[in-house]
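Two complexes, one shared chain (chain A), two partners (chain B, chain C).
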Partner chain A sequence: MRKKKLQSFLTTLGQPMVSVTIALLLGAVIIGLSGENVFKAYGVMLKGAFGDGYYLSSTLSRATPIIMGGLAVCIAWRSGYEAMGGEGQMIFGALSAAIIAYYVPVAPFLRTVLAMLGACLAGAVYSVLSGWLYEKWRVTFIISTLMLNYIANYVASYLTIYKLKDPEALDINASQTGKIMEAARLPRIFKAYSLHWGFLIAVLCVVLVYILMNKTEFGYKSRMNGFNSRFALYGGINARKMLYMVMILSGVCAGFGGSLEVLGSKYRYIDQMIFNTGYAWSGMVAALLANFNPIGTLVASILLSGLATGGAALQRSTSIPVETVNMIEGVITILMSVKLLNLISVRYRHTRKKEGGEKQ
Partner chain B sequence: MKKSISLILAMLLLLSSLVGCGSAKTEEKKEEPAAETAPAAEEVVEEPAAEPAEAKRIAVICDTIGTNLFLTQVADEMAAKQAELGYEYSMMECADSDEWQANYEAAAHEGYDLIIGVGWQAGSFAAECAEAGDGTTQYAVIDTDAGSDKVASFAYNEEQAAFVMGLMAGLAFPEEELYGYVGCFEGPGSWKYRWGFMEGVKVTNPDAKFTFNWTNSYSDPTNAHEFALQQHAMGATYIFGGAAACNEGIFQAALELAEKGEYIYSIAQDADATTEANPYILSAQLKNTGVTTGIILDKFYAGTLEGGCTELKLADGAIGATWVTNDGAYLNSDILTEEVLSACKDYVAKIISGEYPIVLPEEADYQFNEIL
Partner chain C sequence: MIFELRNITKYYGDTLANDDISIHLNEGEILCVVGENGAGKSTIMKILYGLEQPTSGEILVKGQPVRFRNPSDAMAHGIGMVQQHFMLFESLTVAENIVFKREPRRGPLLDKKAMLAAVSELSERYKLKIDPSARIENCPVGLRQRVEILKILYQNAEIIVFDEPSAVLTPIEVEALLQTMKELAAAGKSIVLITHKLNEVMAVADRIYVMRSGKLVAERKKEETSTDELAYLMVGHHPATREIPPVKTGETLLATEELSLHKDGRDVLSKVSIHVDGGEVVGIAGVSGNGQSELESVINGLEAPTGGKVLLCGRDVTHESVHTRRELGMAHISEDRFLWGGAVSGTLSENAIMAKEEREPYNHKGFLRKKKITEYAGSLIERFSVKASGPDSLLGELSGGNAQKLVAAREIMMETPVLICCEPTRGIDIGASDFIHNEILNKREKGDAVLLISSELSEITTLSDRIYVMFEGKIVGEFNRGAVDEKALGLLMLGGKIDA
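Up next, the complex of A and B:
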């Protein structure tokens, strides 16, 4: 039993590693074709992602909202609800946090707490909306959540351009909210590095979601619902309650992730800051890679984040143009998404079964 | 099971060896001055001796450049001045807001001597890094005001140039009822363009009507192409091209319509794009980010690059209008006649001397003509 658990754990962790390695080999071909030294380019990329404390801290900082977006997907998808609304929920979470932390006239610490709570609420409400559309009108999650993402982004754009624009900005083009006061921000862990306490909070959330999904009655019921919703219904699980519980929790994770990005990194909402960065989508890729295992999601999120920060380093330190860097990042992401290790392990089991059968 | 574990271990080994390669290179780079004595033969061959006068290192942080003339001018100027000034430089292109922040912090961390940011996104990150830094790195931003006395900001008074473009349109097409406009984003940022253009047209055609379309992108010529065709169908002959790289769609529409014997005329943004191959591009509203980059580099090397905001106007030569303030590649003299150009030049002289002040009002206070 333990052996099986270990194998499953290693598979979860090892899978991204295998995919990344094969992807790096393919990426090497692209780098070679663009005329750069492959080893130098990968050296720059690795240094830019994990090379020293500074770059590692940048990677972990970028990973923070990705982890939270991944947890949101883990909760929803593992329960059988293939919702893709993390982006919209994260946008409203980030925007709410930025507004509350900037405008609410209370003590700085309270601003931070209220901003986080507000972000959770915003994410949950927006998530419940898609749940309601599904329950009431059978609007499939894919359509409703994708459309709600666009709506959230445009609403946030409108507000940051026209209504909540930074009153202190000297540039009329600056579409961003006002900067949150220093005392209300999530402090950096080390002063010279960009890593902030939000990352550790996200890691804590990973542990909490892991416990929730694996050690509680709710987790058991939600997983059962994910495996077979009809069986779950037959087993006496209240499908309606389950749907809303899952959507709320998922929305809370995504919205909270948005608040961590605002309070710990950008200190304001900048138009398109969640949409363009694709945090929620990276979170979804991370969760898919890790088979919705929260701990695997954490590892995959850091790898994906490292890919982005390493890619930026590659672009700024070599002659490789940004389009080629994006191509390399894309190739690596696609290959990371191929669950190679799963395929290998399935084939291995198949062969062993076959061999066993032949022996008998 | 054993196979899986050994596979994972093998991959980890491979990854760690790659990391090893990375860190070795890093150290070599960090210890560049001592590279002469280092045994790493390959590196020594590449850089045989550390030059006594260290080349300055300059970072330019901007959006992805592509074919955006606003940014290609900066890249071209950086390349052109390198031979003269002998600096090393890196163009850091940012795909999203996180990359803006990460590149700013990384450039500061990597000890560049000068960091130039281009675009409004640069403002707050430049100010933050400059405030947090020890003063060894200098900061400059183009086309925005960072609002910090540690950042040299260079902003543009685009309403002056937009007014000249509107004036030119009104003089060249005085009988038109409707004037078209295709821009990137409708928002406060476009107001100085819209206002300048409308006011310029209204000098000769006070009852002119206007129609506006927005591509919501800096690089979507397909949308601009459709908007140009629609605005032509509505009756517009002149379409203000205010949509960065999307303008290419308007120019393409002009060529297509010309084949059918129908004509629209437009202008480019930021740099001259007039060409005999497309005589329907009459002029360009110049925002010469290349000139501004040159100003920054000259000041940096002269030791006179100081914090605070400088607003560049028609008088500074960083903004202007092709065939009025600057020459272009091709003049469509059938449309831009001597009279039209000399009238525009007169107004430019009056604007520069202050005789004809261009004062941008708040959008909320502006009395619009009919907008279709």
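Up next, the complex of A and C:
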């Protein structure tokens, strides 16, 4: 039994480890070709990501929205809904948080709380929209969520450029909302470092999602739905309720992640801030790497965030451009997507194989 | 000797599936391989067909050693297999599926006329009735299998392997199939038939291999053996027969009133009225695809009828959810254990607790109690002797028979007043199916109502106190136990009439 557990542990970890290794090797080739010392370069990256308090703190701080985006993916995908709408939900979450925290005339603490709640609501509503499109019209999640991501980003752009522009901005071309008052922000944990309480809140969310998915009736039902939706129906699980609960929870995670980034890091919504950083996508890669395990997603998010902060350090101290690092993440994504495709095609085959007989 | 397997041994991890198996096949011969589930006969067939590689041993075709890396290699050597689960394109027509990869062409285009002619000719020659232009997705299981057989015949295989081919056919169709096999053998083709239906074996076989626990335990010529001996060799002991006490019916627990379902432009169910009383097993006989699956899903709540009512324990549940029906007292062994009845990537515990996940003591305020669930799963595994390493193994790791036992265990142990059993023993061996039959009879003795939908006629006639016959969505006959024989039922199932 123990041996079997070890085996399944290794098979779960096998693909992520191979993917990351291949990606890093490929990165090494590119670094080597640009004439730099590979070991030195990776050393610089490692130091720039986790080397001291300052770097570690920016890595963790950057990881915060990635973790939340990853959790959103964990919840939806484990339940059998291949939704990729985390980005759009995160954008509306971030924007709602920025607006509420800036405009709503209540006590600062209340502004923070309201901003977070508003972000959750915005994420949930946007996520439910794709759920509704699926339920009512059978619009595939992949298509609806990807398109809704663009819509969210450009609606947010329009609002920040034309309607909610920062009234105090010195540069009249700055497309961003007004800066949230200091008392309404999520405070830093250590004064000198950028790490804020949002990170710890995200870690708490990881634990909550883990419990929800593994210990509760809801987690069981959603997992069975993900394994075999027909089996769930047959067992009496209400598919419609399951779909909407999952979409709401997943949207809440993504939207909430957006608010943490605004309240803890940027203190405003800046046009394209979620779109350009690719937080939601990194979250998706993290969730894939972790096979939709929330705890694993936390670890993978920090690693991916480290890749980005380390990459920035690489650019500062060597001639290697930061794009190299983007390539490494790209390669990881592609290699993990192999699994993603497998997953989808397995599900597809299961649904197509209408008449099964023996399986031996 | 057209084909030979020499000293084949196959390990799956630490599990020994085939232990030094040597079999051979002569030209024009019908060879049967019999054995219980998990005896290793499916593994040996997978090796024969190139789906699996032996751990050690040799494969020889016409005396030449060969290696099959995949089924195409096997096909290239003239070995065709009629699969147990069908490898067909759902959206293509019957004829298109049959000619796939060897389409008659006119220039670069498909010659539809030639295709239809070839397929019709084939279908007539082997007495396998089909509609060449029907789409597979609209074909019931029985028809799909016929297409599968025709596909192999179309490919002119020299060796044709049948893996449990008669599971979904009516007696008359089975007879025709067996006749087909004989004709094929007479035409010089060599047949391998894997089955556990010993009367079929005795009807066609020239030679028989018996497998048990991965080993070849016996080789017999047909003239030298009997069904009794074969059954004994397969199981290792003589099967017990059970006396069924006369029926004592209570009140009606399940009933349908003029149930109709109109789907895809036709009446899949028309005015089906049946009732099942407490203490009674009621069978629905019919060729698959005559509305039984739809009746099943309308009764259990997966599909809404276009007319009529479903009554459960006296209550109208026509518009209630699956969940409500289960709460009210209905359990259901699904027609297909992997499609509906379970989650292959889930553990046995997860599969065992379905429909009980909201109940104490397994659920406490929304949190699942793993220990209680594992205990419960363990008790099902033990009571139904499911062969598995424990509640944590995955359903997909189990053999078909054991998976079916688990699904049956879950539904029977719901201890509901009404149990719906659909094909409860399809494709599983004698031991497991005897066990499930016994459990069904135990339920009957407790005074519960059992509705048995099966295309296995002998199952229906042995277990049922009353039998309804379904044909094209209608109930065309109702009989008490012993009032009708299998031949007459078979005739009714095909739309014929019997004189009273």
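In this text, the second predicted complex is superposed on the first by the 300 of 360 C-alpha atoms of A that agree within 3 Å, B and C clash if a C-alpha of one lies under 4 Å from a C-alpha of the other, contacts with A are read in each partner's own complex, and residues count from 1 in each chain.
To be clear about the criterion, a residue touches a chain if its C-beta (ideal position, glycine included) is under 8 Å from a C-beta of that chain, and two chains touch if they have at least 3 such contacts.
Everything numeric in this text was worked out from a predicted model, so none of it was measured.
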Query = In the superposed arrangement, which partner chain does A:236 touch: chain B (first), chain C (second), both, or neither?
reply = second
Request  = Answer with first, second, both or neither: which of chain B and chain C does A:228 touch in the superposed model?
outcome  = second
Which superposed partner A:313 touches (first chain B, second chain C, both, neither) = first
Ask   = Given the touch rule stated above, what does A:20 touch, chain B (first), chain C (second), both, or neither?
value = first
Remark   = Counting residues of chain A touched by each of chain B and chain C, the higher count belongs to B
Query = Of the partners chain B and chain C, which touch A:188 in the superposed model: first, second, both, neither?
reply = neither
Query = For A:215, is the partner it touches chain B (first), chain C (second), both, or none of the two (neither)?
reply = second
Key: On chain A, positions contacted by chain B and by chain C   = none
Ask   = Any idea which chain A residues touch chain C in the complex?
value = 1, 4, 215-221, 223-224, 227-228, 230-231, 233-238, 352-360
Remark   = Within their complex, chain C touches chain A through residues 37-38, 42-43, 83-86, 90, 137, 141, 144, 163-164, 167, 300, 302, 321-323, 325-327, 332, 334, 336, 338-346, 350, 353-355, 357-358, 363, 366-368, 370, 389-390, 392, 396, 399-400, 403, 426-427
Chain A partner contacts - residues on chain B that touch it in the complex = 1, 3-5, 7-8, 11-12, 14-15, 18-19, 21-26, 59, 64-65, 90-99, 101-103, 105-107, 109, 120-121, 123-124, 144-147, 155, 187-189, 191-192, 309
Complex contacts: residues of chain A adjacent to chain B = 3, 7, 10-11, 13-14, 17-18, 20-21, 24, 39-40, 42-48, 50-52, 54-55, 58, 62, 161-162, 165, 168-176, 179, 194, 265-266, 268, 270, 272-273, 276-278, 308-309, 312-313, 315-317, 322-323, 326, 341, 344-345, 348
